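Naming follows writing order (A, B and C), and every chain is counted from residue 1.
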């Protein structure tokens, strides 16, 4: 407010967040048992993933800690050789399935969050620029977004993944798999954010208080961050939540297809890929529990996103 | 209301309700009227008074959760509300036609005008495709569409607004119904074509002896067209009578205000003419007479009891004010 | 009409050029095409000669023009991995993918529109609500999990349908088809459902919301007021008006089936183009990746063109050049 003489209809971010929390949002969360259940599931998997090294009974991907004799133990059953028992059973290498899921969720969520963050960063930045500048810059950015949107993002991610593999030296493929995956998914998902942010920016740009700020000579960057950005937070948050579900699914899909994280550092998708080999041989738990975790995670995040969209009720399109 | 069983349409104590989260809303509250064959009844009132809902209720097209809560609608003595949907459907279009407000949205944009006419004709009349087509041409000519034969193959968007409303009228009259309900048929049209559309409707209904319920907020249209007029306020009929009587000597304070009487220097009359305030929302209909908060003559009785419908002259009115007062009021209005 | 078609055609060509630029950049900048082609033991002179022969010393726009020229003539390069012309590899496998995508599209379209109409007309029914809930789960399910679930249920447990491959195929010379044998048809069921399910739920939700919208319009109310039967109102009037705005989106959704087939083909080891593409990504087989990209783009652009034309045919308002506010 210091440098703006006009009385701007603006509230601080804290006030806004408080109002958000105080208002219908918290209420509608409490009103919806399904949303609360989804929130609980997400929180549970999140805690499990973050504290995996503390919670897991073993590091399933450290070969020295494994006992092959423990292999293929059914859930809750007692292994006939080692007398060990595992809550969710073990795979053929003797890995505890629960531990693999904890570590797998860690990889899935890491890629998911990082990819969404990257997509958000690119999309919001380009959207702000396109909406604020307009003209030829806007046309170029939005045409690129349009063309990219024509292709399913999973295909774009695969292409980007392939390009990185072509550019990077072969010996670094395994170690750089996760960053490459994040880049691939992040780059494939930005157009949605750009579109929404551009729309909101164009509306805000023409409002009087922004016009006033321009007249008194505030720098475009200041105007964007102070006045436009707060208005796009709501829609971006909703797209981000739904995008997180998509990114998790995308990561799982790529890993399942064998173009994602390597088996030495598996995600849920990799676990499912490995588990599918046992689909017909009776060791159902090797496939079932990772699949269930992925489904629960994706569904819960989607439900949260749906709820958030209804609660914030932004004009999404 | 003294009409006997020779009436074409007889509505008794009709109530239309909408159950909502905040309780049940009464959009139409115990209205009664009747209509003789070939008669034109005007139904006037502000928007939200329940005119259109009355119209849709009569032909059984209320959108759920709206419903007829009580009362009867009789067509030539046969009760038609509460009939099975299929029976009711056979009455719609065949015995009661309907014309809606906006001709731009009343016609399906994807079908040729002829297709929509022929479809309607063949739904109700046992005609062959060729016969139905001929009838469609005749209908278009009757409503005054030039080159009817050729226009049959045009799409709705190729007609002007006035021409489209003519098509809508042709569709409503396709099976020669005994009654047409016209819901604000000219509101969406240019002023220049409004009179033509009313003229077409009037002429055709007179020729075919079709009764009309003309729903409108335009007293001018009513004065020119209707035989009788019913005035609605907040879901109730406050006054009904021959059109000349109601216009020249309105008896209900609301009607009087609606007729826009000459300004009176006296304070009371002044307030009356302007009708202060606005019609109450359905959620806040006052106790007693719905008009009492805006009425310059309201007394304690008006605020507690609902006024009964009393016969006055050739019509009837729902007001506690006695005849002497009403006559005085109407005299004042005429001055 | 002609102007409209030409404009759309021009846009399509523009999109194809952009995609060709991307695919050419892949060739040019990812990996060194020379070392891949001449092998390790080639001398510096050999490389230089090769560079000139391939025109790689030319300016970028010239090279790009030459590339587009080669594509138009059907030369897409040699696969690094297999050493055969890429176009041959793709054409061999294209029938499998197209048959799969076709069946999935029919499945998604029939059930998507069917369920969408049903849930719109019978909103209060328990079965409608059940379908809507199911569709929400369907949107959250990764495609490959659907495939695995179906394999487990119908192949492993019930043993009704095969879990992988195309079954017995018939070679028609230019096309191999699985439609002519029982095992081919049986093999098609699970992959087609897997591929189509996601699009089906999307189409269903789209049709439902659009139909609810149409059912509220004046012309539907007027159609009822004219005493038309429910059948005529719902399926004669409402359905046609519902389908027009969703044609475009359905076209794009169905077009993306070819790309999504990558996942389904991997789950069911379906010998199609997507399977080939995954292998090419894993081994960084640039010519194959680039060609696949062009192929998918061509497919999308063609479908979009067809959809636009279709639009023109079904909506009389467009033919007479009436500008519509909502389009």
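Of note:
Note that a residue touches a chain if its C-beta (ideal position, glycine included) is under 8 Å from a C-beta of that chain, and two chains touch if they have at least 3 such contacts.
Since this is a predicted model, take the numbers as computed values, not measurements.
Common neighbours of subunit B and subunit C under the contact rule above are absent.
Think of the whole protein's Cα atoms as having one middle point; the chain whose own Cα middle lies nearest to it is C. Subunit B and subunit C have CA centres that are 54 Å apart.
Chain centres here are Cα averages; for subunit A and subunit C they lie 25 Å apart. Separating the CA-averaged centres of subunit A and subunit B is a span of 58 Å.
Taken in their complex, subunit C has these residues touching subunit B: 217-219, 221-230, 232, 236-237, 240-241, 244, 314-317, 320, 322. Against subunit C, in their complex, subunit B makes its touches with residues 59, 61, 85, 89-94, 97-98, 100, 102, 105-112, 119-120, 123-124, 155, 157-158, 168, 171-172, 174-175. Across the complex, subunit C is touched by residues 147, 150-152, 154-155, 158-159, 161-163, 165-167, 245, 249, 252-253, 256-259, 272, 276, 279-280, 287, 291, 294-295, 298-299, 302-303, 306 of subunit A. On subunit C, the positions that touch subunit A within their shared complex are 15, 18-19, 26, 30-31, 136-137, 139-145, 148-149, 151-152, 155-156, 163, 252, 256, 259-260, 262-263, 266, 277-278, 280-282, 284, 286, 289, 293, 296-297, 300, 304.
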